[in-house]
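For reference, the structure I am asking about is given below.
Here the chain labels run A, B, C, D, E and F in written order, and each chain numbers its own residues starting at 1.
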Amino acid sequence: MQMHDARRVEVMIEAVMEKQITRALEEVGVTGYTILPVLGGSGASGRWTREGQVSRAFSMIAVICLISPHRLDALLEALFPVLDEHIGVVSVTDTHILRAERF
Amino acid sequence: MQMHDARRVEVMIEAVMEKQITRALEEVGVTGYTILPVLGGSGASGRWTREGQVSRAFSMIAVICLISPHRLDALLEALFPVLDEHIGVVSVTDTHILRAERF
Amino acid sequence: MQMHDARRVEVMIEAVMEKQITRALEEVGVTGYTILPVLGGSGASGRWTREGQVSRAFSMIAVICLISPHRLDALLEALFPVLDEHIGVVSVTDTHILRAERF
Amino acid sequence: MDQILSLAGQNLLSPVILFFVLGVAASLARSDLTFPEAIAKGMSLYLLFAIGFKGGASVAQHGADISLGLAVLAGVVLSFLLPFVAFALIRVLARGVSVLDAAAVAGHYGSISIVTFVAATSLLTAGGIVHEGYMVAVAAAMEAPAIVSALWLAMRGGAGGKMDSDLWREILLNGSIVLLLGAFAIGWITGERGMAEIAPFIVAPFKGVLCLFLLDMGIVAGRELRAARRVVTPGVVAFGILMPLVGAAFGLAVGLVLGLSAGGVAVMMTLSASASYIAVPAAMRVALPRANPALYLTLALGITFPFNLTLGIPLYMALAQTLTGG
Amino acid sequence: MDQILSLAGQNLLSPVILFFVLGVAASLARSDLTFPEAIAKGMSLYLLFAIGFKGGASVAQHGADISLGLAVLAGVVLSFLLPFVAFALIRVLARGVSVLDAAAVAGHYGSISIVTFVAATSLLTAGGIVHEGYMVAVAAAMEAPAIVSALWLAMRGGAGGKMDSDLWREILLNGSIVLLLGAFAIGWITGERGMAEIAPFIVAPFKGVLCLFLLDMGIVAGRELRAARRVVTPGVVAFGILMPLVGAAFGLAVGLVLGLSAGGVAVMMTLSASASYIAVPAAMRVALPRANPALYLTLALGITFPFNLTLGIPLYMALAQTLTGG
Amino acid sequence: MDQILSLAGQNLLSPVILFFVLGVAASLARSDLTFPEAIAKGMSLYLLFAIGFKGGASVAQHGADISLGLAVLAGVVLSFLLPFVAFALIRVLARGVSVLDAAAVAGHYGSISIVTFVAATSLLTAGGIVHEGYMVAVAAAMEAPAIVSALWLAMRGGAGGKMDSDLWREILLNGSIVLLLGAFAIGWITGERGMAEIAPFIVAPFKGVLCLFLLDMGIVAGRELRAARRVVTPGVVAFGILMPLVGAAFGLAVGLVLGLSAGGVAVMMTLSASASYIAVPAAMRVALPRANPALYLTLALGITFPFNLTLGIPLYMALAQTLTGG
């Protein structure tokens, strides 16, 4: 099976920032991503959990974006201003994808 | 701690295809996988979200499969016919696992 | 963008073990992790799904932990006694992070 | 005519419709008002449970005869048949639509929308017009056959599509059919006694839950409309409004032939006029993955559903009453 | 005997049981009918809230005396004791079962199933047979002690198992115990006035929610049965049916000694006969991770629960009525 | 005074409050009792739907005049104004609090807590004291303006913060505002007829759902208190208790000037006294991400909410009745 180099960018970020993040991605032409729900976690700002919460203020999401290596920098630069000042973590992992024409 | 080479296959696919995907995996002897819920996303076919939806038609899942390198090709070949024509993305990442005897 | 080497540890484990796992992490000073919900899966002990379940006994979670390479061994050693005897899988992937000062 | 207008006006100002409109408006204005998926599913399970049971209990009360079987059979035939009509109509009205897409759309219109059914029955109840309790079984019977016709249309057109045992199971043992028929059977078996036990859960609060559910449906429909501007050509809109009328005409004919009550005819028209947006889309994603979901979902949920809800149902009711002399 | 049969027949045809059967059937036929996890949990929170409150309000109405304390104490003793009985019985009936697995199973049978309790009380209410309101507190008290016995059995048998403060918290501050006892206390404190305020939420719609919940339980039980064919030996099945009868005999003796009403005795028998499938499995996964969950879950949910629901409860009721002369 | 104490005592022993206390206690004891997020959101959608609709239906019944518009206007002004008061007060009472954090806190106190509103209206109803149905519209109108003031305070203090069109949409088309106002409008339009249709869903079971919801709120508040011990200085606690009293005084003045009924004044006081913990925190996370959420959430949910719920509301009611002579 033909595989292609790619990067898997995983952003854990507050749910209230969803629109800002996806807009930033779209502005640099990244229209492929998947959003996973997050149950809870822990970080510099303490532990939290979604259970029983009504407000979106204290929930997070994980945005996963598979992207060609050569577009990674544009993506990260688009992300940076949104992440800045906000709670969240970003990791970039080398990966391989099928059907590369789409990324 | 003794670690072993492995691959982490991540398939984002329509929820309606769950049975077909897991059957294909089981047919080539892959009985270890985990299914994560997906909240929403964006791709060539536009944006979507699970919120408020009743029909399973427009939801996705993420199937994660840790597997020994030598079994990867069999797995991908089993996946291919199911993925074909269907919305979805596949990534394969090098990883390391504990307790390799199980994979 | 300045990126730093890191490891992405992904633990799929029974939900009833959540407290034990996070306590073990915190005991070795790992206070950053994110918990994702899991819908279902399959392994040596058969298939399962969350749907319609009331008891927490048969659900799993995915704990994701981004960590500096030099702290990985401490983390794995802390995890091991909790995992032992329990259903679950662990994978460790090389990755890169932004804002490394926090990990 | 006056009667139709007044019925339509009254319908348009019912809380059920207004909450649907609120949902569409909120969604078009891009409010973040949404329902969690689990709540939306929970409400739909409640509605299926309640209408199934009420239908069965009503059959238990009024007795069942051969007419039940005939109506179910007629429903199955209609569901097999209507996709052919829909297929022909969309190919005429919207020439840009491919064979594959036309087949997928056709499947939706042969099947039914259970919420449209519920809206019709609650308008009938509000107007004091009775209908046969077994119409719920007819609704269940009409859900699936259309899928077969759609796949046949696609295959015949060389547009692919596959039909395996998994898909059959998906279609026939679809959760909503099982719950609807199961609750119907249990309502029938336990009759008045069973009804007395659970009436406070399924009768009195029903309308309120329906309002909340239609609010959610409005939100989803609005989202669909907003996303799918590309596919909405004049021909597509015309189909989305004409097809329910054509479907209703078939339903009317069948209802009259079967000798249903005025209410029963109105329900049969509504079922035939309505388009599925839960079960059929899921089956189409499996069997015809290359058909464009934006097209069939926009049609079923964004155009036909609101049309039936607001104007269609009062029209079908008025016609049914006039023509049955009821 | 006649009375037992007629009670059993009537019970078998109640909507509550029929919806359970529908769930099992749907699941065995591999229908995709399922409830979202959040809805299943929401329904179980509702049931705990409602029965806790109603129990407390009933105590407030009828007054509490020493018998409440004695009944709770008796429940705790039964819960500690029954695992030893269950352990011995399964070791005799199903020789292939290891000490560890037997201990885990034993813990389930010492504890209780709250839905079985609810089913029994609603059958009693339907039959116009009163029971002591504080039986809900007895139910809560019986949830946890059995876990301790199970761990002791496992450790004594050299099968491992550990008991730390986390586990104690998990057991004693388990959400369902806290909600049940909390609602019981609030029902007691606010009494008739409180009941008047929330009765329309917890009384009238209760039966309907119970039907939906049992539908879900049936789906889960059916899935369990389908998955766990390997563990179901004749000995295991025999245990799953005999043990509730043995447990009920203990409950009967205790109920008679305590001088409970006919309804109270029937409830005590039901509690003793029932096996936990929510709290105890979770505790076992933590404390005895190597015990086989397929075994204890199939027994508790797939065999004993349906047995109690359909045949057990009417039998316990009939015996309780005969022997108390009620 | 006597009356206040008896009202407070009665309030403290109502099921609604006791379930809140149960939630806090369960959470502090680290019980695993929790509600799924979807259920918590579902209950909050139900409450908004119900109170919006009931408010509108009540306006339809009693007619609306200029006073509705004036009250809404007064609410908007209060919401703009109160943050300045709150900002000044916290800066005086808790000197360690930064300008940024003070601005964020101030935004919460200018806005309102809809559950506090509901608790007040249900206490009024229980006491047979009527209030203007349009107070629900006032509540909706008070949700958002405070956010603007908070951002202005932060920017003026050089503490940053940004205000873009996204944020405006987030604020004005916030789901809870849209649902509250939408249901209010529909209740108004459909009036008595609409109310008759859905009353069994939104009236009778309302109190019970509120109990469950407050149980959940108690759990979340307890968690917050447990987590945020660091931020709770004496000055912060003093602010959390004084500010609602100050807010209530403003509400009282406005209510008297507007000539509201005793119930209306009590509600206006409650709205002014209450602090948002749903809409405003979300807006603050977007616009003032560096403000400390532990501070504002602990204050709003952990201190002021319980204070209002238990002591505040009875006090406001008593004052309103005394001063309006109602």
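As a working rule, a contact is a pair of C-beta atoms (placed from the backbone, for glycine too) under 8 Å apart; a residue touches a chain by one contact, two chains touch by 3 or more.
Not measured: the values here are computed from a predicted model.
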- Separation of subunit F from subunit C in steps, with touching chains one step apart: 2
- Message: Measuring between Cα centroids, which chain is at the maximum distance from subunit E?
- Response: A
- Item | Same-residue or different-residue interface between subunit E and subunit F, half as cut-off | different
- Message: Just the number, please: Cα centre separation of subunit D and subunit F in whole Å.
- Response: 41
- Message: How many angstrom lie between the centres of subunit A and subunit F, each centre taken as the mean Cα position?
- Response: 34
- Query: Using mean CA coordinates as chain centres, what's the subunit C-subunit D distance in Å?
  - Reply: 45
- Message: I'd like the Å distance between the centres of subunit A and subunit B, where a centre is the mean of that chain's Cα atoms.
- Response: 19
- Query: Residues of subunit A that touch two or more other chains: which are they?
  - Reply: 36-37, 47, 56, 93-94
- Query: Among the residues of subunit E, which are close enough to touch at least two other chains?
  - Reply: 32, 34-39, 41-42, 170, 205
- Query: When you check every pair of chains, which ones turn out to touch?
  - Reply: A-B, A-C, A-F, B-C, B-D, C-E, D-E, D-F, E-F
- Give every residue of subunit D touching subunit B within the complex, in rising order. 34-37, 40-41, 44, 166, 170, 216, 219-220, 223, 227, 277-279, 281-282, 284-286, 289-290, 293-294, 297
- Which of the residues in subunit C come into contact with subunit B in the complex? 10, 12, 36-44, 47, 60, 62, 73, 76-77, 80, 83, 89-94
- Message: Quick check: in the complex, which residue numbers of subunit D touch subunit E?
- Response: 36-39, 41-42, 45-46, 49, 53, 169-170, 173-176, 178-179, 182-183, 185-186, 189-190, 194, 197-198, 200-202, 204-205
- Under the touch definition given earlier, write down the residues of subunit F that touch subunit E in their complex. 13-15, 18-19, 22, 25-26, 29-39, 42, 126, 204-209, 211-212, 215
- Which part of subunit A faces subunit F closely enough to touch in the complex? 14, 16-17, 19-20, 45-47, 49-59, 85-87
